[in-house]
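Sharing a structure, written as structure tokens. Questions coming.
Naming follows writing order (A, B, C and D), and every chain is counted from residue 1.
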Amino acid sequence: MRDYIIKDIGLAEAGEQRIEWSRRHMPVLQKIREQFEKERPLEGINVVACLHVTVETANLIHTLKAGGAGIALTASNPLSTQDDVAAALASEGIKVFAIRGENEEQYYECIEEALKIKPHVTLDDGADTIALIHSKHQELIGDIKGGCEETTTGVIRLRAMAADGALKYPVIAVNDAETKMMFDNRYGTGQSTVHGIMNATNILFAGKTIVVAGYGWCGRGIASRSRGFGGNVVIVEVEPRKALEAVMDGFRVMPMTEAAKIGDLFITVTGDISVIRKEHFQVMKDQAIVCNSGHFNVEIDIPALTELSSQVNQIKNDVQEYVLKDNRRIYLLAEGRLVNLASAFGHPPEVMDMSFANQALAVRYINEKGKSLENQVYRVPVEIDNRVAKLKLGAMGIEIETLTEEQDRYLHSWTLGT
Amino acid sequence: MRDYIIKDIGLAEAGEQRIEWSRRHMPVLQKIREQFEKERPLEGINVVACLHVTVETANLIHTLKAGGAGIALTASNPLSTQDDVAAALASEGIKVFAIRGENEEQYYECIEEALKIKPHVTLDDGADTIALIHSKHQELIGDIKGGCEETTTGVIRLRAMAADGALKYPVIAVNDAETKMMFDNRYGTGQSTVHGIMNATNILFAGKTIVVAGYGWCGRGIASRSRGFGGNVVIVEVEPRKALEAVMDGFRVMPMTEAAKIGDLFITVTGDISVIRKEHFQVMKDQAIVCNSGHFNVEIDIPALTELSSQVNQIKNDVQEYVLKDNRRIYLLAEGRLVNLASAFGHPPEVMDMSFANQALAVRYINEKGKSLENQVYRVPVEIDNRVAKLKLGAMGIEIETLTEEQDRYLHSWTLGT
Amino acid sequence: MRDYIIKDIGLAEAGEQRIEWSRRHMPVLQKIREQFEKERPLEGINVVACLHVTVETANLIHTLKAGGAGIALTASNPLSTQDDVAAALASEGIKVFAIRGENEEQYYECIEEALKIKPHVTLDDGADTIALIHSKHQELIGDIKGGCEETTTGVIRLRAMAADGALKYPVIAVNDAETKMMFDNRYGTGQSTVHGIMNATNILFAGKTIVVAGYGWCGRGIASRSRGFGGNVVIVEVEPRKALEAVMDGFRVMPMTEAAKIGDLFITVTGDISVIRKEHFQVMKDQAIVCNSGHFNVEIDIPALTELSSQVNQIKNDVQEYVLKDNRRIYLLAEGRLVNLASAFGHPPEVMDMSFANQALAVRYINEKGKSLENQVYRVPVEIDNRVAKLKLGAMGIEIETLTEEQDRYLHSWTLGT
Amino acid sequence: MRDYIIKDIGLAEAGEQRIEWSRRHMPVLQKIREQFEKERPLEGINVVACLHVTVETANLIHTLKAGGAGIALTASNPLSTQDDVAAALASEGIKVFAIRGENEEQYYECIEEALKIKPHVTLDDGADTIALIHSKHQELIGDIKGGCEETTTGVIRLRAMAADGALKYPVIAVNDAETKMMFDNRYGTGQSTVHGIMNATNILFAGKTIVVAGYGWCGRGIASRSRGFGGNVVIVEVEPRKALEAVMDGFRVMPMTEAAKIGDLFITVTGDISVIRKEHFQVMKDQAIVCNSGHFNVEIDIPALTELSSQVNQIKNDVQEYVLKDNRRIYLLAEGRLVNLASAFGHPPEVMDMSFANQALAVRYINEKGKSLENQVYRVPVEIDNRVAKLKLGAMGIEIETLTEEQDRYLHSWTLGT
């Protein structure tokens, strides 16, 4: 097993600085790290972490290491690695296999290399490690106590596997923790997606018609932040209940075939494939901008766009101009990969603080309970969720109301009437 | 059994006009009514409905009657009855027992009278009928197939009963349907509470410090609408996860002891007792305004306020001035009862349309399946929820996106990777 | 001269209660009243006030009276009079000529009666008194020192008069004071218009397409509050700069011919005539709701609507149903008069506090300086504006930043560079 | 006179790409450029432009050049120069004197070099050229027809000069054009300031207490965008009227001494000096973040901060950590210079499009009318303002309402009454 596959170990110092900066904005994870240092609950456990290699992830890795775990870190997306962070971690002796801009072959080589650590726990952001283990490395399954999955897209995949009886070890859907999903997916994705688009384009949001595909937690966040910057938001959604909520929140709702005609900026965040496709490109306005904040780069049908185009120009960093045969121009950001990670820094540390606090506690939970669990997708235990929320409020210096005895009794009684 | 106990049958025409007006804004319920007229699924069934007697409720009653049910309607709150609506329904031959401003004794007499219909199904908004049947009219239980409960407070009571093994027939928590809770509780309570306060006081919301106790769906709605009118909102909440969400939504969060000192206007909507009490009144600013939008008038500790006061003046309709011994004045709206029903018209018909569509379909479900259910609190079946959402979007003329075959397949597959 | 023309003197007590309630929310005006009581700056002066006869106006009248003025009050709109307020003022001995629902003939009779007081100062809300004096009572002009005008529509009329050389005495455009226009027109009209519509219809704003015609201060307020309640707002505006601002604020902007096809609710607030007319009614959706918050009931072309209709039904209080010949129904609120005054209570006292503080100080200013002014429309002197703002902040208990000596010097220097 | 003083001519291609990208988002300026190419209205005129050297400025320079002007460009801020843009312009033969990070001596050397072109018109963003000409280069004044000033801070300085009789040629306050001030200052500064802070820190705005000093157009924009991202905004303001507006907009308002205790993030944008100073640093929370978006880096008293500190660490790019003697840490962004230009790209091109369209047309106006103007500060002629607004709406494809003849007549008449 190699020590690391990274871009340049010389970037370590810059990485350390940035990791330290984010550490200061992740107080919950630090509290857990301090506890882990004392209790060493992960002693003797090997963890493969296939996550976005960012400053916030570095703090999760430090926490797991403080708990006694051996770790191999690999990227969960070829474009999201921060090379200075990879260097910083490698220079501390952590096994890191991630280079920003690696191609698909290299991407899987890195995961393969990481698996040589022989994991007891797998951490995923998109389920790629689990999928690879189940398809090509079944020999590892016997030692694995369980896994954690960080993102909606991965949870969808794993639920499909479990439904097919194909899942061979238990997985905690960290994504579904309330202190993860409602905060990281909404406030984190919302802010960082707008940030990524600004970095790539510097366009003014005010006055633009902004089409958001998907009104889950991520979509709600993006819609709210886009409106918060003066955009006029249109929602495209397939579920009636969510579509109705978008209407009541004051947004226009319509199918993509209609939205495609009026949008200045399109953002996909559905977890599904080909959300923007040939029939939509064909009716877009000249100079429409298209990007994605969903996990995989499949939400925009880039092959279809390429086929419609007479030429493709790299017009600036992270902006490709597709010149259609009728001379309309469509701008694609970050090659359709997660624009918040490719063009900005991903989620702010304050939300990753909660998400990764859930991760760290979930790893401990798997280590302690994994062998007693079924090969299913589990929710994060509610006590973990509550503990994270309380730690966060404490770290922010916010005191909340407490129930009096009378109030607690009232909530549990049923004899008192009108 | 009497035909009706109402204020004045002469108000019928005014009531009919207003019922017709709301009917035009309840298209989903009308669709169901048309179907019920054809299929008569409630033939032979008697229903006791203990609900706020409003124009929207009248449309639910019409729908149930169209389905073949016999109905006795009684009020779920002594202050929320619209006397013209009671008159209109009575003049159509429906048994109605409700007078605005009835005292507590009359309130229970009305429920007693309604129970004489010998119900097969009970509809509640606050669980008063169920509580009365379980405590004083167990003889009716044998014929009852099940009940429906409309509001959070009632569901809390019923869950407590079920947990104690005290619930003797199954109940559908209509409140918990997504198309009820997320819409009626949020958008309905939000708008109508602000409306009620404006009617009672005509105060300007802009620039006021507005303290909202409770950040459930109702509290979120009130906070959002108060901010939408320029208020500076402070949230008081006991659950860490909800408190954290309020912080991230940009509100200040603090215990009531702190909030009490700075609020210009206080709104309780927690489902709990004594949320604003002696220790809070003692530190409020002169001319603070206090009101409630939770189901029962127990959230504000009015006896404690009275005890602190040297006099109480009815300063105008729905506004009582409590002059404290130190001469500070505290204004209590609508005697601490639901301000949105007491001082305005309750939820707008567009949201009651969905809530009562769930009710109507839940009554049918109980009639068909009740005897096969346990004596537990059940959620509304998801098909009912989806059907209501789809009907609503259709009625609003809104078309949503549909999955392509490829997209549907992708969502259920797990072999496709990065 | 008669003592009063009002609906019913028996309503006085109810009016007094409500006037007292609003007085408590008008602290700036009270400060001025206390000063006027001491200094009696209006001794010997007669004032004709042609204003909406509301609780807030009553407090202005009390302030002017405290200053020593003789007063005759008449309504500035046939539908906006609060009869209990008229009664309360009459019972105090103030000359009041106003009945809610008076017809046009009575309306002008009332103004005629009021003019018998032989005014030295005229107060208008819509310039009707000034117009009448200039057209039919030039004999009064000799004694008049000047006038005040409260609303945008009136200022437009008066500027047109002044431009034609037709204005025969100076007028202060109280409307244009920053502490009036930016607050009363925006926050006051915004909130009270939504309030009026809710009272008339109880419709849910969330999810509605709401067309606001006019993006001046009033229009901005209505748009902001409608969005704050979940509406999807479309702006119709004729000035490019304002239209562009609406776009940047995240609203859709289009001509009325387009907006007419998609609106659920239409609100006019332009100060112009026939903003919604035949060609617009012809393309509206069934059950569209149409109302006005501009000063005169000319913004909606009601004769054109009547002509298109086969019948008109008073469907409920303040709602008329126009059944068009093709069976579409259009609902007109409050006969096209100011919906915030006709269906709610007009602006909240907190904003009228500032507007009327400007009025009171402007009357004093005219009394002291009127004869030295030209026959032009003047802005409120900036010292009055500043004084009102400071008094208001003080009354709200808000402390603001103050410049240090160094900062003050810096702002007036120009030699300091980069 | 040298050809250029820039960082690296090799950066030209990257600069050209980015200039072209912004050009596509500046349609109004392009329309004017096309007209200038035909009419050559600036033939024979030399212009010194002391502006932020950004992609948007490059498009202004191209427009002026198309009009026939000779141009020397220099930076208006030592940290805002985009070196690739300077290179691109230099490689086209335009005289450019600007290097990002130049010290104060170099800064003034660059302006001196630019003045060698012997200008007929000066363009400023902060009035530095005008100040230098008036203090050290009075010999140039004879040939100068006039100047343009782009920013609030500069206009304040120039008004002070004019009031002292010290201004020796007329200046157009381009800043005060409605299509500049209300758009660029509000939407541009609002978005780009948040963008700069995100780039420097990646902090989450949601849940933070954000103190904005100054509630002019820039401050309003920053407050609105910070709230739009979930921040809880506190306003510090010295003018009562603006402070009151902030209150009514739902913000808390207080003096800096109070705000300093509770802020997580501070943003100054007042145009004044020492807005955050010793007494404020002394009470700030540990890890407070301080930055500036006002023109000069004097709003934060950095010398005072330095004096209070035991060490200063460059913690990452654009973030300096000041460790106070009591161990609290205060983070200063971008050395207190304009954070939107230092850490992001300045205003988006869509708003600079309008600002620079005003600039280009103002230069033409000065050339044609300058010698007939007094040595005063003038507003942009309203026709220019209107023309810019119309061109912008046209470019965005937005059609607005037009007055009918009847409506136009009504607005100018005064005989029509109630």
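We adopt the following convention: contacts are C-beta pairs under 8 Å (C-beta built on N, C-alpha and C of every residue); 3 or more make two chains touch, one makes a residue touch a chain.
Protein names from UniProt, one per chain: A, B, C, D = S-inosyl-L-homocysteine hydrolase.
Keep in mind that this is a model prediction, so the values were computed, not measured.
**Q** Measuring between Cα centroids, which chain is at the maximum distance from chain B?
**A** D
**Q** Name whichever of A-D and B-D has more C-beta pairs touching across its two chains.
**A** If we tally the C-beta pairs in contact for B-D and A-D, the bigger total goes to A-D.
**Q** For the homomeric pair chain B and chain C, should the interface be classed as same or different, according to whether the shared residue numbers exceed half of all numbers used?
**A** Mostly same residues: over half of the interface numbers shared.
**Q** Return the distance between the CA-based centres of chain A and chain D, expressed in whole Å.
**A** From the centre of chain A to the centre of chain D is 37 Å.
**Q** Averaged over CA atoms, how far is the centre of chain B from the centre of chain D? Could you give it in whole Å?
**A** Chain centroid spacing, chain B to chain D, equals 52 Å.
**Q** Would you give the residues of chain C that are in contact with at least 2 other chains, written as numbers and ranges?
**A** 187, 206-207, 227, 230, 247-248, 396
**Q** Tell me, which parts of chain C touch chain D in their complex?
**A** Spelled out, the residues of chain C in touch with chain D are 76-78, 104, 107, 126-128, 131-132, 135, 156-158, 160-161, 163-164, 166, 178-179, 182-183, 186-187, 213, 236-241, 243-245, 247-248, 253-256, 258, 271-275, 296, 298, 385-386, 389-390, 392-393, 396, 398-404, 406-407, 410-418.
**Q** Can you name the residues of chain C that touch chain B in the complex?
**A** So the residues of chain C touching chain B come out as 17-18, 20-22, 24-25, 187-188, 191, 195, 198-199, 201-207, 225, 227-230, 287, 315-316, 319, 344-345, 348-351, 396.
**Q** Any idea which chain B residues touch chain D in the complex?
**A** 206-207, 227, 230-232, 247-252
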